[in-house]
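Look at the two complexes coming up: subunit A is in both, with subunit B in one and subunit C in the other.
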Partner chain A sequence: MINLVIRRLLAVIPLLFLVTFLAYGMILLIPGDPAIAIAGENATAEIVEETRQRLGLNDPFLVQYGRWVTGAIQGDLGTSLFVNRSVGGAIVERLPVTLALTFAALFLATLIAIPAGILAALKKGTWIDRLTTVTATMGIAMPNFWLGLLLVLGFAIAIPWFPAIGYVSFTENPFEWARHIFLPAIALGAAACAEITRQLRSAVIDVVQQDFIRTARAKGLRGPSIVIKHTLKNAAVPVVTVLGLQVTRLLGGAVIIEQVFALPGIGGLAVKAVFDRDVPMILGVIFAASLIAVLVNLLVDLSYGWFNPKVRPK
Partner chain B sequence: MTDVSPTLFTPGETEADLPPPASVLARFLRRFRQQPAAMIAFFFLVAMVLVALGAPLLAPKDPTAQNLRAVLQPVSGAHLLGTDELGRDIFSRLIFATRISMLAAAQAVIISVGIGVLPGAIAGYFGGIIDTVIMRITDAIMSYPPLILAVAIVGLLGPNLRNAMIAIGILYAPRFLRLMRSTVMSVREETFIEACRSVGCSTPRIIGRHVLPNVMSPLLVQVSLVAGFAMLAEASLSFLGLGVQPPQASWGSMLGRSVRFLDRAPLMVIVPGLMIALTVLAFNIFGDGLRDSLGRETRRVR
Partner chain C sequence: MGTETTLPTDEIDRDAVLRYAYYIALSRFDPHRANGSNDKPWLFPAYDRLVHVNSAGETVPGLAESWEFEEEGTVLLLNLRSGVVFHDGEVFNAEAVKANIERGQTLEGSAVRSLLAVITDVEIVDDLTVRLKLTSPNASLPAVLSTRAGAMISPAAFDNEDLDVFPVGAGAYRVVEHIVDDRVIYERFEDYWDVENTMLAGIEMVLLVDVQTRLNAMQTGQIDAAELETIQIPDIERAGLNFKVAPDVSFGLVQFNSALRPEFADPRVMRAINHAIDREAITEGVFFGFARPAVQPTPEGYFSNNPDYGPDYYEYNPELAKQLLTEAGYPDGFSFEMQTTTGPSRIATTEAIQAMLGEIGLTVSVNPIAGAGPFLDNVYGSRTAESWMLAWGGRPDPSITLGLLFTEGAFNNPGNRTTERVTELYQRSISTFDPAERTAVLQELSAAIVEDALDVVVLYFPDKVVAWNDRVQNIDLWASGRPELRGVSMTKE
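Our next item is the complex of A and B:
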């Protein structure tokens, strides 16, 4: 197991390098002169030149990247071009909201998906299965922000159980926090829930058909014991893979759900940065988001070793 | 298709009872027709394409004509779905938005295929160091949270529909790349490729005549699925105001504008979202139907 941990950690380093390199490389996408884009279209020649000097845009690309990534490792992502504050500071301030939303969504999605997926698989072919499958298919097709708006319409306006917008931090008031995060988390998590349900359903169906389950049944083990002890641990491997992919997708989806519910996460930061063409802020947000995604997927990779001893290196 | 796919026997049937070996198209149609959900999805998509093409004929009103004395009107005979905050006919706007949304999805898919297919085929066919480099870059692109990557690309290129489609194209290119890589990789190990090489076929001939026909079916399936995802992504970006710019509208941007009137004009929120959900659903179901009807794709266990 330790061997596996070391091996995976080593594999993550080149990936992180590439991810940050491509993120910084996107600066090359800026049409025309980046210095003009950053300084603003109406800037005088001196200001453009000053911007170029300040950001070191005359240096070779690799030098620029090296400087940016060295800063990033030390937590310095530069200064926002619009609000006079550090990019890192702004992200750290807003990241907890986005993470809370992402993991609340993942939690609710898994909470619903596990029983739904198992039930659908065990009752394969019945109306329960069909209902689950159809609902899941619709959950994947539905735009999450639309679902969010419908939830606001239903449970904040028509029946005012939940607040439509806003955020209260967990440390301030856990109950209000839950009330404010519930609808956004449902909206964000619905597609993930559908995806996990489908995956779990087919994984359980696969495992249940295997010989060792028949053996366990022949030995006289009862249904629940077979499901819990024998089926689920084997069905967990493909499901955990999907879970890792979902975290990445949820982090992206959080951007838009935050806008719907006016939550002060990094989504608002990113959208504002785009309208302001605040390049350091855009780069900072994508750096932070991809860093989290890579780390979560590292954890997922490591959990394979626990669920499935076959992948542990000898 | 030159391969012989395993014929499925139903109990009590001998080979003589099976229909005579039909053309690839006929076999596909026979299988596809047996899937009612996929057929409905197909006709729905055809209808959407027709609406998109015939928008100027179908729309009862000018979608951009404002009437500030009749804003946020409820449903009526004059305005089938009411009017928006500038007094524009929502039904007509919805019809014209179909055009933008369908076109946007098509553009994103074309860009994705354009970026993904060739490197994927190269990686799969040649393997080795080329494969490693291409796959590492793909892994890196896939480890960004998708919507944040799209927002960042649009942010750097500048917010408009074309750039949004480029961003979404980049986002989904890895799907085509990985698909091409794995299909080409497995096809090139087939005996008929080895036989062909042994009689002296050139590499371009092998790729063009023998590998490509075998990757077409999974590619088509993926095109349909990605069209759905691209439509969702376009709706998301347009909702945020980063995609289509006024006075043009897509379903997503109509939703984005309607948020402020959620309590006063709920139809403005419900209808465009429903159109997105139904169309994406149709793309997904159609894609699944294609998968189940085409050549050697394995059938899903239901």
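Our next item is the complex of A and C:
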């Protein structure tokens, strides 16, 4: 087990190299020159050239990337080209908001999806099943920013239960935190909820048709016990896989939802960095996001062993 | 454009904090390195400037109580205000002015260097008087000193590591909290020289990029005031908010590179194009009436605008346009490319112009360029574009805009076309120092630019909207296009 974790963590290193290298290459493909933006709207051609020199933007691609990697290995993600502050600091400041949003979305999504999925599967073919499936399809089809705007119109403006914008940290005031995160989390988590519901429904349908369930039933076990002890544990593997995939999707979706609800998360940082061509900041955000994605996938892989002893590494 | 209402002082709540939303992030809090005029709303509560502008765009005293040009305009003498202190307790004086101007000129990464290049030396006459020696007469310098170039940083804080994040100015408010790219919390600076007229106890300025989010936040009462968009006016009315609509100094234009295409160097061709464009159709069709047709490069009511040259100076008349083209020797017209950026209103405007010019036999191919950087490089950098539609951002003084667009060798005049009288009037506009006389010269210059049909065809001035709730008083749209909260107050709840 520990060996597996170590091996997987070591494999992360070349992966991060590859991701940041590709990202660096893609940034160069974005038209526009950060030096023009940094030099300001009254700059002359000489000032722009001087800015380019100062920031090392004239150096060859590999030299620039090499400089970044050397720093990153030593734990220094560089300094923003725009504001004199460390990329690492900016990410540490904003990442908690995005993580809170992502996991609140995931939490609410699972909270709704688990009973809905099980119910739909056990009542397969009835109106309950059909209603769940239709709602889930709508959840997947609805763009999250649009749902966000509808939620604001409904539950912040028409019925003023929740704030329309802003964020309060959990440590400052847990109640206010929940009030501020609720609407964005619903908007962000709706699609994930729908996806998980559908996965769980088909997984449960699949499992309840297996022989061991029939055997359990024949032994005289009744409803709840069969569902919780036998069905769910076996149906969990595909669901956890989807859950892991959702985390990365939610991180991406958070970029838009953060703008709609004006949450000071990493999304706003990423968008501004891309518009500014703030290369170290873009790389820093990509680095942090990749790291989270990789760690979540590792957790998902490890959970397989817990759900299904057959796949446990020897 | 100013709307001053005076309230009985007992109704004003001096403990009120204004929650204001702005839509463009601050680049940096160091005013010499802050790279755009969009930074002004964030910078100016904390940084006072040598010169202020009022909401109509006229220069008024700031940290300099008065100024005068000497030695035929080659020296600007500034009389500084006494008793001014910076937020760190340092005293503001002539030394501080000299140090700031020199810093702006020499600092690595300074974004105001080109604005200050006209100053060759700062001479300290006494503790509260400085003489700025200039390379040549420059009447627009006071307006330049109302921008970031005239913002005063405490010299003791010049080398602060965190100056990009924590300002140390002499403004009416000091920053107590700054969450980068999210919000800035300002608190009234009780030692400010004009603290009596600083009515707000503080400002909470929030970055809200999305315009619908700004309106939502105003509707839920989380924001007291914000700039919105004209298309939202029905929603603003429905929400019961107060609002004001007015244009500022930014405008839409089409420009032609007459160096690349000599056809455009013929004023008859340019007059034909002017007459072929139905400006009102654009302001109605693209902007739903929330833009004002215009032929002059400054808005109606602004001091350099000549009231005799209304939008119908070049009335829409395709027949006349065709006749002018024939006179110029192009009875069958000709074809050329028109570039623009990819914003929906830009493309719609350019396509409308394409159709209108098509009516008089000019075949236009529209080429939208993704990204402002590459577009600006085509039109003003490498100068490879034949014609283009863009929004001109406006400058603090009309001479700057007119000089950049209409004088020989100017950065924004790639066709390099001008006329003798435009050149002469422009020179007079920067070397006439009496405000009334200068206004007359600028109006004459504006008229000459319209009559001589140079490479720029002015189209419209789009309206801007500011909205506020019932507690907010004296908020206004600024001709500069950059809102300032000076003078804003709130009533008691």
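Here, the second predicted complex is superposed on the first by the 247 of 314 C-alpha atoms of A that agree within 3 Å, B and C clash if a C-alpha of one lies under 4 Å from a C-alpha of the other, contacts with A are read in each partner's own complex, and residues count from 1 in each chain.
One rule holds for everything that comes next: a contact is a pair of C-beta atoms (placed from the backbone, for glycine too) under 8 Å apart; a residue touches a chain by one contact, two chains touch by 3 or more.
Keep in mind the model is a prediction, meaning the values are calculated, not measured.
**Student:** Considering only touches as defined above, state whether A:Ala192 meets subunit B (first), subunit C (second), both or neither.
**Tutor:** Neither subunit B nor subunit C is touched by A:Ala192.
**Student:** Let me test your reading of the model: by the given contact rule, A:Val208 touches which partner, first (subunit B), second (subunit C), both or neither?
**Tutor:** Neither subunit B nor subunit C is touched by A:Val208.
**Student:** What is the contact status of A:Ala109 with respect to subunit B (first) and subunit C (second): first, second, both, or neither?
**Tutor:** neither
**Student:** Have a look at where A:Leu243 lands relative to subunit B and subunit C in the superposition and call it first, second, both or neither.
**Tutor:** neither
**Student:** Is A:Ala270 contacted by the first partner subunit B, the second partner subunit C, both or neither?
**Tutor:** first
**Student:** Between subunit B (first) and subunit C (second), which, if any, makes contact with A:Leu149: first, second, both or neither?
**Tutor:** both
**Student:** Comparing subunit C with subunit B, which touches more residues belonging to subunit A?
**Tutor:** In the superposed model, B touches more residues of subunit A.
**Student:** Once chain A of both complexes is superposed, is A:Pro163 in touch with subunit B (first), subunit C (second), both, or neither?
**Tutor:** Second partner only.
**Student:** Per the contact definition in the header, classify A:Ala90: touching subunit B only (first), subunit C only (second), both, or neither.
**Tutor:** A:Ala90 contacts subunit C only, not subunit B.
**Student:** Scan A:Ile257 for contacts with subunit B and subunit C and give back first, second, both or neither.
**Tutor:** neither
**Student:** Which parts of subunit A are in contact with subunit B and also with subunit C?
**Tutor:** Common to the two interfaces on subunit A: residues 31, 149, 152-153, 157, 259-260.
**Student:** Of all residues in subunit B, which touch subunit A in the complex?
**Tutor:** Per the touch definition, subunit B meets subunit A at residues 136-137, 139-159, 228, 232, 235-236, 239-242, 252, 255, 259, 262-263, 266, 269-270, 273, 276-278, 280-281, 284-285, 301-302.
**Student:** Would you mind writing out the residues of subunit A in touch with subunit B in their complex?
**Tutor:** It is residues 14-15, 18-19, 22-23, 26-27, 29-31, 125, 137-138, 140-143, 145-146, 149-150, 152-153, 157, 202, 205-206, 248-253, 255-256, 259-260, 270-271, 273-275, 277, 279, 282-283, 285-286, 289-290, 293-294, 297 of subunit A that touch subunit B.
**Student:** Which part of subunit C faces subunit A closely enough to touch in the complex?
**Tutor:** 25, 27-28, 34-37, 108-109, 111-115, 161-165, 179-183, 206-210, 212-213, 216-217, 219-220, 222-223, 370-374, 376, 381, 393, 411
**Student:** State the interface residues of subunit A toward subunit C in the complex, per the touch definition above.
**Tutor:** 31-33, 36-45, 47, 51, 54, 82-85, 90, 93, 149, 152-153, 156-157, 160, 163-166, 259-262, 264, 268-269, 272
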